[in-house]
């Protein structure tokens, strides 16, 4: 397969950075869409071209860029993670509950950090891409996410 | 195990950034090696020290840094993904074809974004590392990848 | 679920970058905690606000941010990876030993690159997060990790 050349869309200087923090209250296993709150912060920063990095400060919750249209996709993704990291395995680390070790494994199989380029003050997400926080524990948690923006 | 100190290889200022885009025409499931086209764009940017970030703007195609020598490794990786995300699971989201939901899961298990440091105008990939676009759908697709370079 | 706004913690200019390298001698499958050596290098760089990127230059060893408290968590994570990428599958690529292809798959399922924002000269890791190199091969290897810092 012939791969074409990369087209340059923008070039520029690098003048500023910003660091931010988001606390999300989760209510058990599931996906929380944080795309809009991130988009608003990116726009408010005034940085038009650059790079956004997202870091989830936990080992039993994680990040994922996935389909934002049919919620059944997220249901099937959760089912797939539950199959890949079942509750009923013979875990050595079992003192924090049946949901704890599967939560660590599901975090390992998804993302703890993600970076998305910015153009015109917006993340370059695809049309069907949303940015999600994944809670893997049964109980509600306060999840702490750090954001970094760099560019101009 | 004693871990030594990190050796500093280069220090410098930060003066420029560039954003690029690549459209890859895929022809069904498989790996497309984009290492060379990325290397050429990095070199042409004139940025010698810095950071490259790659972002795949899809939820059924993904990125992977993996072995560039024996093609059998990529064959076995594809087989492993097919086993971890089988076509024959009882998916709720089934309206887009038997290959759609496995494609989302295989995307979740690999990478949507990757960042590689640059030195001397080159990605610091290991000798056996290639940068691949992974198509997970059966039909040919036009896949859109965004690149960001920052440094000097 | 209502998601609040992101709070800006710091804003500033971008003045410097640094690139570093770490060689880790591994002794077979397992986790090597590199958090402290990275923290020391970050502090020594003088960069207080910015972004750290880590890149593992191998396809049979990888990176992971995971729990730093109970070592049983790491034991169960290794067991999970061994179950998801078993040694006894019918691999086509088998010339480098029974541990080779599982090592590539375990690398695919974890991380080759990671990026963590910095504040006050420190990685913004969560309280329970450690940064680990994962060796997936049976034999001892010298593993080469590249680091990039950018900020001010």
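Letters A, B and C name the chains as they come in the text, with residue numbers starting at 1 for each one.
Just so we're on the same page, contacts are C-beta pairs under 8 Å (C-beta built on N, C-alpha and C of every residue); 3 or more make two chains touch, one makes a residue touch a chain.
All figures in this text were calculated on a predicted structure; none of them were measured in a lab.
Asks: Can you tell me the C-alpha superposition angle of subunit A onto subunit C, nearest 5°?
Replies: 120
Asks: Can you check whether subunit A and subunit B touch via the same residue numbers (shared by over half) or via different ones?
Replies: different
Asks: Return the distance between the CA-based centres of subunit A and subunit B, expressed in whole Å.
Replies: Between these chains, centre-to-centre, one finds 17 Å.
Asks: Residues of subunit C that touch two or more other chains: which are they?
Replies: In subunit C, 14, 51, 84, 109, 111, 115, 150 touch at least two other chains.
Asks: Which positions of subunit A touch subunit C when the two form their complex?
Replies: Listed in rising order, the residues of subunit A that touch subunit C are 14-27, 32-34, 36-38, 40-41, 45, 51, 53, 55, 57-59, 84-85, 89, 91-93, 95, 101, 104-105, 107-109, 111-113, 115, 144, 146-148, 150.
Asks: Show which residues of subunit A lie in contact with subunit B when the two form their complex.
Replies: The touching residues are 1, 3-14, 49-51, 64-67, 70, 72-73, 75-77, 79-81, 83-84, 109-111, 114-117, 119, 124-129, 150-152.
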